[in-house]
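Below: a set of structures, written as structure tokens.
Here come two complexes built around chain A, the first alongside chain B, the second alongside chain C.
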Partner chain A sequence: MEFKKHILDNGLAVVGEVNSFAKSAAIGFFVKTGSRDEIKQISGVSHFLEHMLFKGTDKLGPLEVNEAFDRLGAHYNAFTSEENTVFYAAVLPEHLADAAQLWTHLMRPALRDDDFNMEKNVIKEEIAMYEDTPSYDVIDKARSLYFDSHPCGNTVLGTRQSIDALTAKQMHDYFTARYSPNNMTVALAGNFDWDKTLRLIAEHCGLWRQQTVTRQTKDYPGSLKSERLQKASLKREHICIISPAVPMQDKRRFAASILAAVIGDNVGSRYFWALVDKALAETATMQCESMDRTGAFFSYIRCGSESSQKVLDAVKAIFDDLDTNGITASELSAAKNKILSALVLKNEIPMGRLVSLGFNWVYLNEYRSTEQDIDDVKAVGIDDVNSLIKHFRPGRFTQFILGPGSDTSIQS
Partner chain B sequence: MEFKKHILDNGLAVVGEVNSFAKSAAIGFFVKTGSRDEIKQISGVSHFLEHMLFKGTDKLGPLEVNEAFDRLGAHYNAFTSEENTVFYAAVLPEHLADAAQLWTHLMRPALRDDDFNMEKNVIKEEIAMYEDTPSYDVIDKARSLYFDSHPCGNTVLGTRQSIDALTAKQMHDYFTARYSPNNMTVALAGNFDWDKTLRLIAEHCGLWRQQTVTRQTKDYPGSLKSERLQKASLKREHICIISPAVPMQDKRRFAASILAAVIGDNVGSRYFWALVDKALAETATMQCESMDRTGAFFSYIRCGSESSQKVLDAVKAIFDDLDTNGITASELSAAKNKILSALVLKNEIPMGRLVSLGFNWVYLNEYRSTEQDIDDVKAVGIDDVNSLIKHFRPGRFTQFILGPGSDTSIQS
Partner chain C sequence: MTDKHVLKNGMVILGEPMESVQSVAFGFMLPAGASRLPDGCCGAANIIEDWIFRGAAELDNRTLNDTLDSLGLNRSSSVNTSHLGIGGALVADNLAAALELYAKITIQPRLDDEQFEPAKQLALDHLAGLDDEPRHKVMLKLKENFYPQPLGRSTAGEPDQLKALNAEKTRRLTKQYFNLSQTIFVVAGRYDFDAICKQMEELFDTGPQEKLKEIELSGKGTKYTHIHNDGAQVHIGLCTPTVRPGDDEYYNARIAVSVLSGGMSSRLFTEVREKRGLCYAIGANYHGLKEAAGIICYAGTVPQSAQQTLDVIIEEFEKLKDGISDEEIVRAKVGLESALIMSSESSTSRAAHIASDYFLLGRVRSLDEIKEKIEQTGTESVLKFLRQKTFDDYTVVTIGPKKVTVK
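Let's turn to the complex of A and B:
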């Protein structure tokens, strides 16, 4: 493994991890923009823009984009979150240069009015589909409730109204402001020729004009609100609870991931034994989402209406016990093993390395090998986790319930 | 990469591919048994038995099984198909021996009556869930229709009736007959110590008693029937069409995969351009399923009721054209690139190698490196694919439609 990096004059960061034993190679464009960078009038524009990049350029129509990736046998896609828009492709090593050239080209899209108007329907269908998926919808609603007026509460997809009202001009302006080379990172991983690929990227992206790009990054401790939305058509209660956690920039993020696994890994966790194993809930998980200068623990629990009060009582008992007694040594050890396995398995392929490499650069301006992450997980002690509990008090949370019932509330 | 194999005296095959550069290791037990090995009275027993193996042994209860995997940080699971039941775990190299020992232990389960009776409900819920998933249900029903009375038409999950009627004694007998060491393969892949692991497996599995195990493997060309089931609650028509293809034992399986990709890959295929791109269908894909001494092309298409006749007409036109003109050189090249990418990406991690290694042994008694598969894909010529079309006539198919409509039928 060899780490390489180069920053073009216009600020575009190019980072690579060359592994000549790998059988594939991956490239990704990481644009540091997402729903938290939107104002209400353009809610959903980041995600909409991600779709529009596949509609092509002055030289390529939508079908030709499709065909170009297809010819390379590329596994390619993109995703948009609250704070990033990422475009990627994994290919055989002999196709990496072509895949890189194709992405550099697509990063300056035509944004045609016709495509823009057509795509509005696709976006609105996607909004409808997610609204029909309660496990997604409840998390989206809980996030808004937790972050209140903080921009991290903005919805990624936008609303039917915001999408209908969005103009092509607004999207153009957003593109110019946010897809600025100094707000983007190109990451490369696997078996590829660094010098050749860097030359190609410099040639195609070197003249992109840079803008001044900012982001509001005030931390926010959560609203502590509690809400329920009754939806008679649902069969199950969907519960999302959110409490503060550490940002990506905080070294304690490894301890925070361990804490989340102890509480809410899908098997063998506190939630598992108290809720799933006791048949009170069908699923109950917790994750730590470390973001840019903020972070939160998200729990998602699904259960029957008849059990929801018992579930909330059991959750309270778990947090009370953690607050008093902390975690145990065997919980720490099992959680570490799980996190280490997941870390190693994910980072075993170039596509996995790409994501780690890209995000470490975006958030930390730092290269981290898998081994460094492994060492940092191993180094977490029981006191590191227990002092996180004392500091962040995960039992003080914001709660949203979506389901057929009407009157469950937590006594706290 | 180094291939290793050893057959124990009782017939248990142990095969391994050691890769000392890998960061993880994987182990799997491949039992050559599935729904095609069941008679009607015990329909679903293979899949039910897969669940029961997680309920533990004389020494371990269900929760202890869970905890044991959990402590290893194992990514573990199992699946049952028409002809295989596979149990696997991926772990860090230092936990491979423990994971191997745990699986060897679980392979001789207690099959407790209490667990058996409790688990019936879980199986019946799974049946209900799949019946509520039309994309799955239509393929299951089409498979039964295609294979008619041939055992490959047997449903994996069984029916509520067969599960209710199943006795613990029937399951015990099936276990003894089918989980015989000479009907099983242990596969190992990634970074592990072959000698040590083999010793451990020999020690724990060497005394398992072997039985005479048989399977009915007559090929079957398909019933050519056409059926529709009207389900007013559905919003969409779900169409499955099936035609004969090559078995796993046939070298032409690479050409058959290419043909399936040309016709029905999810982008850039004949189905894509004629159905999805034209907005006649929302999804339209074809796969080649090569099985033990038989094989079939499966297509799945989802569309609105108003389009279903047009979809069937367009499908007919695709097959008529293929029959007359065959595929093009550029279709061959794009399909090869896609298949090669998928092959390389899948086989880049020990868990992917495990599946290839295990199935190549089960079906072919052969070790095949990823490179051999790559070479065989590359060697396929346009005539190889076109002579498959002439031989198998994919336009002559069995068809099942599940949806709200009532009268669509194909003119053929």
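Let's turn to the complex of A and C:
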């Protein structure tokens, strides 16, 4: 593995990890923008813009874009979160240069009115699809409740109303402000020619104009609110609880991911033994999401209405015990081993490396090899995890329940 | 090149070495899939899938799971039409210890009475949870109606049949259907094949078992089923028959499906989403079982667009035989070949590939063979295939607030 880096004069960062033994190569454009960078009037614009980049440039229509990617046999797509919009393609090594060139063109889109209006329907279909996916919907609603008025609570998809009201001009302005080269990172991983690809990127992106880009990055401890939304069409209770965790910039994120695995890995965790093994809940998981200068532990639990109170009592007991006694040495060791295996598996494929490489640069301005991550996971001690519990008090959480029941007396 | 060895008890061991990885993925395919079990027990495999991990040999529930976890095993288990699969992926050094535990789980699961009820309750809960996942549910119902019984049986179980199962009967089924002589074991990634074979021979020194009865196929379900719910979308599932995985025309069928729904330039994505904005999620896949195969399509759309969406989908299926451009064929071929090579970088995908090939075809195809067969197809061969096997028989299931009319 060989790490490469170059920053163009306009601020565009290009980072690469070359692995000449890989059978494929991957490229990603990481734009540091998402729903937390939106104001209410343009809610959903980051995600809508992600769709619009596939609609082409002044020289390339939407169908031609799709054809060009498919001709390369590319596995390509994009995703938008609260704070990033990422466009990627994984291809066989001989097609990397063409895939890279195509993305450089698409990063300066035409944003045509006809395409904009047609795509509104697709976005509204996506909103409808997630409404029919309560496991997603409850997390989205809980996130808004937790972050309250903090921008990290902004919904990624927007609402039907905000999408209907959005104008092409608003999107243009947002694009100009946020897709500035100094707010973007190009990451490359796998088997590719660094010099050739860098030249190509410099040639196509070197003249993009720089803007001043800012983001509100205040941390937020969570609202601690508790809400329930009754939806009679649902059969199960979908519970999401959120509590504060460490940001991406904090080294303790490795200890935090271990704590999340001890509490809520899908097997062998505290949740597993207290909820799933006893069949109180069919699913109970926890993840640590480290974000830009903030972070949160997210738990998702699904159970029958008759069990919700018991589930919340059991969750409370878990957190009380952790608060008093902390985690055990064997829990630490099992969680580490599981995280290390997952890390090895993910990083064996260029697409997996791409994601780590890109985000490490976006958040930390730093290259981290898989080995460094492995070492940092191994170095976490029991006190590191237990002091996180004391500091963040995961038992003090914000809670949202979506389900058929109407019993608002259910308390954590 | 695939490594192969047959244990004395008849279990087939297959391996695919991968030099560039540190991990290894492994899996046992036990012949206890939904279609293999006797009538009236639909869902038993889902209980068994959970129950066998609640203690084995001298290890109780807690000890067994803690030991598995201590190996850093990323576990996976699933029930499909033909098999109950258990396995996982981990760092290569821990494989031998994991196999020791999996031998206990398959040969000596404790299947204690007190662990039966929670296992059964979880199977029932997962089934109930499907009502909150209409996208998943519509596909299960579609397969149920499309395939002849028992191939169509729900891999999540049937509530009444699940409720009626007790520990004694489920224990009997486990014993009978964990037939090691008909089990396929696969491993892919970093491993020493000789060492694995030696260890497996010792662990599974169980003697041959009598072959299970072949399944007998009977009637299919209805052509159109609507399940009402008050969701935001109508979830449409559609399936039409095609050739099976071993068929001479298999690769022509795969190219045809790819033209229809390979990348974003394919027919369905272009006509349904790009030109008309009817859906966000739209796509079709080849779905092959040993005994039958279909092209399965999913689309989700708001109620007022459901009829138009279905009509456009069917029109695209039927128009395919009228002409395909050379450029579309080239894209379809490149897409399939590239997906094939990229999936070969992951030990987990490789293990899944060799297992399914061996079961469906009785041998494992090399990447080169598949590439060559894809190369041999062309516009003419695909069109000839489509004209001989025209799409005119559709099974449709919808879930949502509004019905559609299937012409």
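Everything that follows uses one rule, which is that the second predicted complex is superposed on the first by the 407 of 412 C-alpha atoms of A that agree within 3 Å, B and C clash if a C-alpha of one lies under 4 Å from a C-alpha of the other, contacts with A are read in each partner's own complex, and residues count from 1 in each chain.
By definition in this document, a residue touches a chain if its C-beta (ideal position, glycine included) is under 8 Å from a C-beta of that chain, and two chains touch if they have at least 3 such contacts.
Since we're looking at a predicted model, the values are computed, not measured.
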Joint occupancy of chain A by chain B and chain C, clash or fit: clash
Partner chain in contact with A:Ala334 - chain B first, chain C second, else both or neither: both
Superposition-derived comparison: chain B or chain C, residues of chain A touched: C
First, second, both or neither for A:Ala128, with chain B first and chain C second: second
Contacts of A:Leu345 with chain B and chain C, given as first, second, both or neither: both
Which of chain B and chain C A:Lys278 touches, first, second, both or neither: second
Contacts of A:Ile301 with chain B and chain C, given as first, second, both or neither: neither
Which of chain B and chain C A:Val311 touches, first, second, both or neither: neither
Chain B versus chain C as contact partner of A:Lys235, first or second or both or neither: second
Those residues of chain A which chain B touches in one complex and chain C touches in the other: 21-24, 63, 66-67, 69-75, 90-92, 95, 267-268, 277, 333-334, 336-342, 344-345, 348-351
Contact footprint of chain A on chain B as seen in their complex: 21-24, 63, 66-67, 69-75, 90-92, 95, 267-268, 277, 333-334, 336-342, 344-345, 347-351, 370
Chain C contact footprint on chain A (complex, rising order): 21-24, 54, 62-63, 66-67, 69-75, 90-92, 95, 118-126, 128-129, 131-135, 232-236, 238, 267-268, 272-273, 276-279, 281-283, 302-304, 330, 333-334, 336-342, 344-345, 348-351
Residue ranges of chain C touching chain A (in the complex, touch as defined): 20-23, 54, 61-62, 65-66, 68-75, 89-91, 117-119, 121-122, 125-126, 128-129, 131-135, 229-233, 235, 262-266, 269-270, 273-274, 277-281, 300-302, 327, 330-331, 334-335, 337-339, 341-342, 344-348
